[in-house]
């Protein structure tokens, strides 16, 4: 009996989409306003889904408080109120698109779960644009 | 051509998380504030997803009015404005965690659907915590 | 230049609507399912609005972190995961309707604000039912 | 590394559910108020999900601006502020239930995607009723 | 001690914006796509706010169940699944803009309230466009 | 008969809260993580409310399309995907707190309205923190 437990969280960050090996015209053509050299930002809304079996003793798949604390220590503390391009090591050589951010978050969380628990991560960059990653 | 039809509903209930075979210290350690002996409560938001083939005559997978009435008779009438621990038989010997509640709701609904219809049930305990069950 | 600063918070609680000086028939006639002797509960969503002048030095009417901490200490710590009828002194002799709860919350917060700051409190009992109080 | 990219859009339309080969009693029995001969309408909310591999050069699965423009030209321009029964060719001989609309939208979009991209379309007819189609 | 009690409701309807005494060019210039002769439609979301004093015996300003039933009989039964232009008498000679609809709803409800209760009506035509009327 | 017409819009931006005439310790004490020298950002959600009389000929207080275009030209074009501190002239010497931003937006819009129309502007910095300004 496998159930999925989900928890919402959020963080605010600045970023820009830009390749140093492209000239400005090419960056503007591909990334548009997102290439702004002075950055812009988002309220990222995050949903973390963990699927596993219910522990018959507690009735929990995973304690929500444990999941909440894991998201805080691994994701919020690392990304909240940060400039993703400058202050988050994973994006030193990786463009912080929503797609790349959601993979980075997945990788930060996965190793902390039991091996028989499945992980899915959704990330809202705006209320209308969002991405999802369920692992390789 | 299989399509999923989804319907939202809701109910309000009181509950507590607690094992009679544990002492208070162990209950508090595992269930925290949720073990409060005088109960607390939630506005549970429910989403029922039914997947099946479109009836070419009506254009329906399942009539939404039929689905709405099924949710009312099987779930809302049984759980709304109730104390789950005391007044709902399924939780006499089962801790009413969100995980266990979603499985109970799934089982209440499944037998009323056609055998070729798939069921998935989502249950929001709060706007930030929710669970999903797609069957055994 | 007066601006209103608003902050959302939430708490979960159990309650029932019931008068000890009425018989069960009268309680049922007026309060319906809300009179259930074993309680039911809600995810209460709270919005606190503080109106005042912008401090020209900080650009703040009130520091959101200060407002968040005030709501936590005065409201969440007092009401979250509680049975309002049994465990919250203000409701020993006051029926915990949404109307009465919002007045209680207003009174808990008002004395902590500057005298030239106006307070308005909104309380959602469910996503479809809510109340607002702006003081006497 | 496959990631799902999702984009929300919306359109407003009138429709009715009705079969010309049924008499009014049968239409009323099956479709209820939705059979009203003078039509009624909805704010349809649409979520388009595209799953594919991340382009290592841009960090995109699909450029959101490209996806937004595709939804506009294929869906919004065809359906927004229209009477679905009268003004949209696909529904000349197909009842515009949510189930049939979501399949029509899927078919309008699918041919514009790369063959290795998966498509899923969700359509909210109201905030409480919605459907999803992931292809044949 | 005056408190505002609010209740959400909704109805779906078709309408068009059009003046018979204008030619099509003028209707198109002012009303754009909303002038479509075959109608379009919306999920109208309605919020009714009633302000009054708390009854010390019940703790209610107005019983939510009474307010819900009043909205149903006066507004939902009159407007839901209707073509506003054709089937709702108030719009025989009044353009069903959101502004005019909210005034009509206010007038339908006002006479049913106590004279010392204030009424405010909000109407969402779409999630991004809405109107409010607090009386003459 | 005065009615309020409201329109939602949004923009994304980077900012930081910081006074050049304070040392870093004082900036950190007052502005916390918001003082981060590399900026962070938000999805700002904006609600513009215009109150006026209904034009009996059109049924409009203000044409929503006119209001939408005004918000785009005055607010979105000026602030969207910008660094507020560096790229928006109003914040060269004004800290871009939510309070100050809402006043700037109010002033950008007010002169474009009729003198008998009232303006109110709400700005959500996050889904839980927001401000409102109704003029001097």
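We call the chains A, B, C, D, E and F, going by the order they appear; numbering starts again at 1 in every chain.
Following the convention adopted for this analysis, a contact is a pair of C-beta atoms (placed from the backbone, for glycine too) under 8 Å apart; a residue touches a chain by one contact, two chains touch by 3 or more.
Values in this document were obtained by computation on a predicted structure and should not be read as measured data.
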**Fill in**
Chains in contact with subunit B and also with subunit E, listed by label, are C, D
**Message:** If I list every residue number at the interface of subunit D and subunit E, are over half of them used by both copies, so same, or under half, so different?
**Reply:** same
**Fill in**
If chain centres are mean C-alpha positions, then the most distant from subunit F is chain B
**Request:** For the sequence-identical pair subunit A and subunit C, determine the rotation angle of the Cα superposition and round it to the nearest 5 degrees.
**Result:** 180
**Message:** Going by more than half of the contact pairs matching by residue number, which of A-B, E-F or A-F reproduces the interface of D-E?
**Reply:** A-F
**Request:** Work out the mean Cα position per chain and let me know which chain is farthest from subunit D.
**Result:** C
**Chain centre separation in whole Å, for subunit E relative to subunit A (CA means)** = 41
**Request:** Express in whole angstrom the distance between the two chain centres, defined as the mean CA positions of subunit C and subunit F.
**Result:** 29
**Request:** Find every residue in subunit C that makes contact with two or more other chains and list them.
**Result:** 127
**Prompt:** Can you name every pair of chains that touch?
**Reply:** A-B, A-D, A-F, B-C, B-D, C-E, C-F, D-E, E-F
**Item:** Residue numbers on subunit A that touch subunit F, as the complex places them
**Value:** 10, 12-15, 33-34, 36, 38-43, 45, 80-83, 86-87, 126-127
**Message:** Considering only the defined contacts, which subunit D positions touch subunit A in the complex?
**Reply:** 1, 3-9, 49, 54, 57-61, 63-65
**Complete:** subunit F residues touching subunit C in their complex are 17, 19, 30-32, 94-100, 102-103, 127-133, 136
